[in-house]
Each structure stands twice: as C-alpha cells, then as structure tokens.
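Chain IDs A, B, C and D follow the sequence of writing; residue 1 opens each chain.
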C-alpha cells in the first residue's frame, strides 16, 4: 500500500493490461483488413480471449484483496491515529479492487450469457476507471506538494481512460479510440511506477525534495514523455503484429500451394499409371 | 427539512424511483429479446406505466410541498435570523419540488397527447436533476467540513444522473444507459439516508466528528460501496425479472398446449362418434 | 452600461429574442406535423424570417454601439482611474456587440448566398454566446459578493445557451433542443433585469445587502424559478400556436369547401342553362 | 524561449499553420460544391499537400529543437537555481516539440501507408494540442498576474483547438468545424505574439504594469477581438478562394471553347478544301 512495492505492483499490472489491450485491438484491426486472416485467427479466439481476460482480472483482484488483508494485520504496531488512517487507506484500495472485480465478473458473464448486452462491459470499465479517479482525487489530503501532484496525475490519467471508455460505449469498435484508451492505461501504469520511485527512493541520498515546486514542473515533463513513449510502444506493436500476421499468412499460403502441388503430382502419377 | 426524517424521506423516494426504473427498463429489455413475451406484456402496459408514474410523481410532490408548508409554520419559535434562513431553505426545497412536479406533469401530457415530442420528458428529467444539483451545490454555505462534503456528493450523484439523462436524450432507448441512470438515482437516494444518519445520529454517543478530515476520506469509501451495491441490486433484479418472464411464458405455453390437447381430444371423440 | 437601464435594455432584448425563437421553432414543429399547413406557412416564409432576424439583430447592435459611444462621452467628469475602468468596461460591451453583429451578418449572408453552409449560423451563435460568457466571467473583479454571483449566473446561463447551440450544430433540427436554447436565452434576459433591480434599486430603502451570503442563497432560488417560468411561457406559446394554426386551417378548409360548393353551383346553373 | 523572439516565432508558425488549414479546407469545400473543379484540383493534390504538410511540420520541429539546444548552451552564465529553472523550461518546450514531431510523422505515415487508419492523424493533432495546453497550464508558477493570465489564455485557445480536433475525429469532414479549428489555431498564434509584446516591450517606457488587474480585463477584450479578426481573415480567404476557382474555371472553359472552335474551323477548312 503506502510503500515502494505497493505502487510498483499495481503499476506493472496496469501497464500489462494496457499493453495486452493494444495488442488485442491491433490484431483485430489487422484481421479485419486482411480477409484471408480468418483462417489464422477466428472470432472464437477473440471471444475466448475476452473470457480469459475476465478470469485473469478477477483472479488478480482476489490476490490483491488477500494481500491487503495481510498488510492490515501488521498495523498493530502503530498508534491508534495512524492505525485508523491505514484502515481508511485499506478501504480506499478495497473499493478500487471491488470495481475491478465487478469488471472481471461482468466480462465473464457478458461473453458467456448471450442475452446480456455486451456494452455492459464498457460501462463497468468506465465505472472502474471513474471510481479509481474519484478515490485518488480524495486520496491526497495532508500530503506534500509533489506527492499530491503525483497522485493527481494518476487520477487524471485514469479519468481520461474512463472518459475514452465511455465514448467507446457509443461508437462501434473504433481501433484508434481503443488504442487511445490502451495508451492512457499504460500511462497510468507507468506513472504508478514513477510515483513509487519519487516517493520511496531506494537511495536516500538522491531523494526528491517533495515540497519544491520546480519538481512539479519537472514531473509534468516526465508525464508527457511517458505519454509519448506509450505511442512509441504502440507503434512497435503495430509493426510487429502486422509483420507476424503477414509472415504466418505467407507460410500458410506456401503450405497450401505445396499441398495443391502434391495433389497435382499425385493426379499426374495416377494419370501416368 | 433540516432533520433526520427530512433526509430519509426524499432518500427513500429517490431509491424507490431508481429501483422502479431499473425494473421497468430490464422488463423492456427482456420483452424486446423474447418476441413471444408480447402476449404477456403489451406496449399499452408500458404506456400506462409511464402515465401512472407521472401521476405518482406529481402526487408525491404535492404532498411534499404541503409538508414543507406545515414545517414552515413552526418557525415562529425561532429568532429572526434563523427564521430567515429556514425560509430560504424552504424555498430551496420548494424549487426542487417545482421541477419534479414539472417532470410529472410533462410525463402525463407527453404520453396522452400524441403531437408532443416524447423526448420532452427526458429534457424535463435532465432539468430536474440539474436544478437539484445546482441547488445542493449552493446549499452548503457555512456548514461543517463533513456536512459540506456529504451535500456535495448528493449534488454530484444527481448531476451525473442528469448528465446520463441528457445523453439518453440523443440515443435511442439504450438499456445500459437507462440502468446507469437508475443506479445513480438509487445512489442519490441511498446517500440521502446515509447523510441523515451522519448528521442526525440517533445515539449521540456515536455521533460523527463533523470537522475531522479522515471522516471525509471514509465517506468517499462508503459512497463508492453504495454505488457498487446499486449494481448488485440491478443484477439481482435482472435475474429475477428474467426468471419471472420465462416462468410465466412456460406456464402460458403449458396451458396453451393443454388447450390444444383438449381440442384434439374433443376432435378425436367427435371422430369416434 | 453600469446603471439600471444598461441592464434592463439588453435583458429585454435577450428575452424578446428567446421568445421569438421559441415561437419560430414551435411553429416549425407544428407545420412539420400537419402536412396541410404548407398552404398557410411556406418554406419561403421561414427563410425570409431568418433574413429579417439577421437584419434586426445587426440593426439593434449598431444602435447599441452608438449608444455606448454616447455614454463614453460622459466620462470626462470622472477621475483618471475611474475613467480608465469605464473605458475597459466599454470595450467589454463593444466586444459582445461585435460578436452579435457577426451573428447577424452571417445570418443574412448564409440565407441569401446558397454556397455557404447554413451550419455557420449555429457556429456564430455558439461563438457569440461563449464570448459573452467569457467576458462576463472576467467582468466581476473587485465587486461585492452578491454582484459577483449575479454576474456569474448571467455568464452561466449564456454559457449553457452556447453549449446547447453547439450541440444543435451536430443534430438535425431537434425542436426540443431549440426550445431548450430559447428558454436559456430567455432566462439570460430575465436575469439581466433581475440583476438590474438588485444592483440599482429604485427605492433606496429596500436596497439589497450586497455582501450578505443569505442573499446569494435566495438569488439561487429566484434563478431557478425564472427558469421554471420560461417553461411555463413556452408551454403557453405551444398551446397558442397550435390552436392558431388549427383555427386558420379549419377556416381555410371552410372557405375551400365553400369555393368548391360555389363552383358546383356555377356548374349546375351552367348545366341548367 | 523566455524572450521576445521565443514567443513571436512559434506564434508566427501557429498563425501560418492556421491560415494554411483555413485555405485548404475552404478549397476542399469549394471543390466539393463545383463538380467541374476536379479538372483543376485533383484528389492527388490534396493527398500530396497532406504529405508535404507533414514533412514541413517535422522539419520546423527539428529546427526548433536544434534552436532550443543552442539556447541551452548559454545558461552557463546563470546562477545554479536559475540554470535549473531554464533547464526545466527547456524540457517543457522540448515535450511540445516532440508531440508536434509525432503529428508530422503520423501525417507522413498515414497518407503513404494505406493500411493505417487516417483518423490517427486527428488523434495525434488532439494529443499535440492537449499536451500543449497541459504544459502551458503548468507553466505559470510564480509569475505575475498578467503574465499568468496571458499564458492561461494561450493554454485555453490551444485546449479549445484540441477539443474541436477531437470532435472532428467523430464527424465526417465538416468544413465549419475545420474552420473553427483553424481560427482557434490562428488565435493561439496571434496571442503568442501579443504575449511577446506585453511581456517583452521594445520600448521600456510603454511597458505594461504586469500586476494591475485592469490589464487582465483589457487583455480579455484583446483576446476576443483577435478571435473576431480570425473570422474576418477566414471570410476574406473564402471570398478569394471562391473567386480564384471560378476565374480559373471560366478561363479553362474559354480555352476549351476556343479549342472546340479551332477544331470546328479546321473541319470547316477541311470541308472547303
């Protein structure tokens, strides 16, 4: 929770989710463009991917709640006032986990039960992001200047991700919007890690001055550069996925051609006989 | 007004409205999916439900305004300054009632007179929600920290409900959006009750410290958990309504089949004769 | 400018514009529903109405700018500091007039030259409203509490009107949205008059206490009641316009029937001859 | 950077981009209306224009970054504290350049590689504008009142431009929206120049009082007047482009007619022979 690993772990998870989403949506886009690719990746594959995604999210959340519970046990050593604050922060994290668990659960339900509207998943994603942003927004009381600013940017990134998810709710599968959402979730994850390094430096000698305003100005720059970095990552992803699909398709074609040739040779040999 | 029942009563009303809306929209969604259900629930049923809803809202509002008038009579015992403030708060509540009365009236008119555009109802709902949020936003002057925060969240929930109603204005009958609106109205109702328990505790020994900031952090958590709860309620509603419609349909089929069998038996007996 | 008539005059103008818009859009809506009405009110009528509207707006603005110029002449009696402030306020009003003149000019051009896109008018309306709101927002420096609040609500009403005009830009002639815009412009006009009565009371004995916060709470109520009033006005308009169109149509039918009868009689008499 | 030319240069660039966009979109609009114009300006022309635009933007950005690097070299003369601040401001400008470079790069890629979605360009434009606004918003720490206000308006103009670009992302090539975006970018450019003249006056005797609030009120007026000016520029552009296209078309027709006449004469002379 309030330590280095408590910020790096969720950050890594958010980054991985964002990365996976960017790959998934690029793959979908490439498959839609190349009609032949349906022989490689079927609709069933994407359906199963969604269900597995839901199961993984729910699983991670359950592990996270268990971890929180264990952290909570250690607070006996603290004073009453501090113990109370830790309890409240525990609840803050618990609420976020609940909404992501609801997202996971909805994903599993919506892609297995047909009568449920699929757009419910988008709504739950929006809810999870907005509640996340709302909690982080009310999470910064009594902190130092830089600490507050770092958490506000966390709130800002996930709020924007929620906003894009809400807009996606109304538009039919737009790849660019989906990539925008992925990039914002990746940014949220990266920023979690950056905040961890700023607030809990490994080497105390190079610790940040948490009340210097020029550090706020500098964090603004880093935030934007991370955002630029997400687009570089998405660009590389795009190039890789396109190349991979084309390579597999060409291989498939070769084997198909060979198959046809074999068939012809057989026919020829039969003719000869 | 400024007492326990003055917050619990509107809270209960908002919760009931939200619950009824969630049931109505789930019923509509299930009926749209199962074509055969038209034998159970006709379009006329929904039309009548809307008109009854309008009448009930208007009725409740009239009762509310009468109640306000009676409360206003008691202010003779107060000092001039306090009496003036009570009068202003009276007007605040009166304005909210006026807009909900307009919503009720518009509902009755739009579903009885055909030439009126039905989307007017959505606009009036948006207006009622936004005016409600606007009044609550300007309602918090000179209050304690926790009191102000509680009323701001009230304003926030109903503002979001108004925003969703405004978006619904542009989209054609989307069940997920309607459920989102229902959940936000339910949240508004629940939060009314929660605020009542926080500000006017029954047991003075367990009263909340209204100027402690950690209570604000804790209320944030409760607000989000209530929001999660509304989705649990909607989920249970969905399961119940689906099961009920299917059960009634299967019963209907059985009776129809029996009717057919009876007819066949009669025919057979007629043949035998 | 900074006196009673300087607030009542623009208020009356805004109210009249809002009222005219509500009548125009209701008339359009009624004509669209009753196909026969095309004999009464043709498309050419609405086209001419738009051009006349543009000319009237431009005319009023030119009169307004001339009036401002005359007011400006009187500032010689003031001290240098006050004179400078009056000059700046003059410019504030001048800018608003410029944008409304642009709206009028665009209206004339777009409805006379065919190649120009008609949506340009909506954009100019949005611009005029937003610039108005922007100016009012930066107009409140160094004023008393109630004065500032009154001008903020002015800014708020016209900002919302601009927002609705911007949304109308994307949707095809929606009567409810147009009525919403009309009501907000009427509200803006009414509030101008209310602010005039609050800030420059005719009877000094009943002057408002401009630094009492309870007056802010009370103005909130009045603002909302005025908003409710605009809907009552629109409702009466709707009833009147519908009744008038139907009455004229029935009269027309009677005369047409009589005409037919006369024709028949003539034919009969001709036959008889 | 923090001097006269450091504000005038980017201002001129933004103004030129806005002006070019307004010409481009007016040309597109005129060509869409006059079917015959396809003989003058082909689709290939617009495609090439987009690619050239991308190359120019990328080029300018690279020159800008080089310029920044040279400025950075001079900071050895400053104290450590000031040097650090200059370094941060350097990074601020660097980030903006990075996003505009990404816009240029995306433009080149999207209009040369067909499989990439073209809407990616709009997204990158939105990103560049929003990041620009975000940086300017966090750029005003510890400045004087007027300085802060000037930079906030810079942020405001480019934020609005980004918002319009984001809305354009969802709507199909709307000329009015594109002109709105152009006008806001032009406004951003003009305001850059105005800020340069306010903050770094050539004649120290006529320097602005940067802490006088009446200057804020006056800058509001200038900002709005510049906005009005952009529409005058767009109007003149529209008239010029329409006249030019018509003149070229009429000339083309004359030459075509002459060609036909010549052909006829030749035929006639052939007949005579």
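The rule we apply is simple: contacts are C-beta pairs under 8 Å (C-beta built on N, C-alpha and C of every residue); 3 or more make two chains touch, one makes a residue touch a chain.
Here the structure is a predicted model, which is why all the values come from computation and not from measurement.
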| item | value |
| --- | --- |
| Contact-graph separation of chain A and chain D, given in steps at minimum | 1 |
| Reference chain C; chain at largest CA-centroid distance | A |
| Interface residue identity across copies chain A, chain B - same or different by half | different |
| Averaged-CA centre spacing for the pair chain B and chain A, given as whole angstrom | 35 |
| Length of the line joining the C-alpha centres of chain B and chain D, rounded to whole Å | 49 |
| Contacts with two or more other chains, residues of chain B listed in rising order | none |
| Chain-chain contacts as defined at top | A-B, A-D, B-C, C-D |
| Chain B-touching residues of chain A, taken from the complex the two chains share | 84-85, 88, 91-92, 94-95, 98-99, 102, 115, 117, 119-120, 123, 127, 131, 134-135, 138-139, 141-142, 169-170 |
| Residues of chain D touching chain C in the complex | 29-30, 33, 171, 174-176, 180, 213-214, 216-218, 220-221, 224-225, 227-228, 231, 242 |
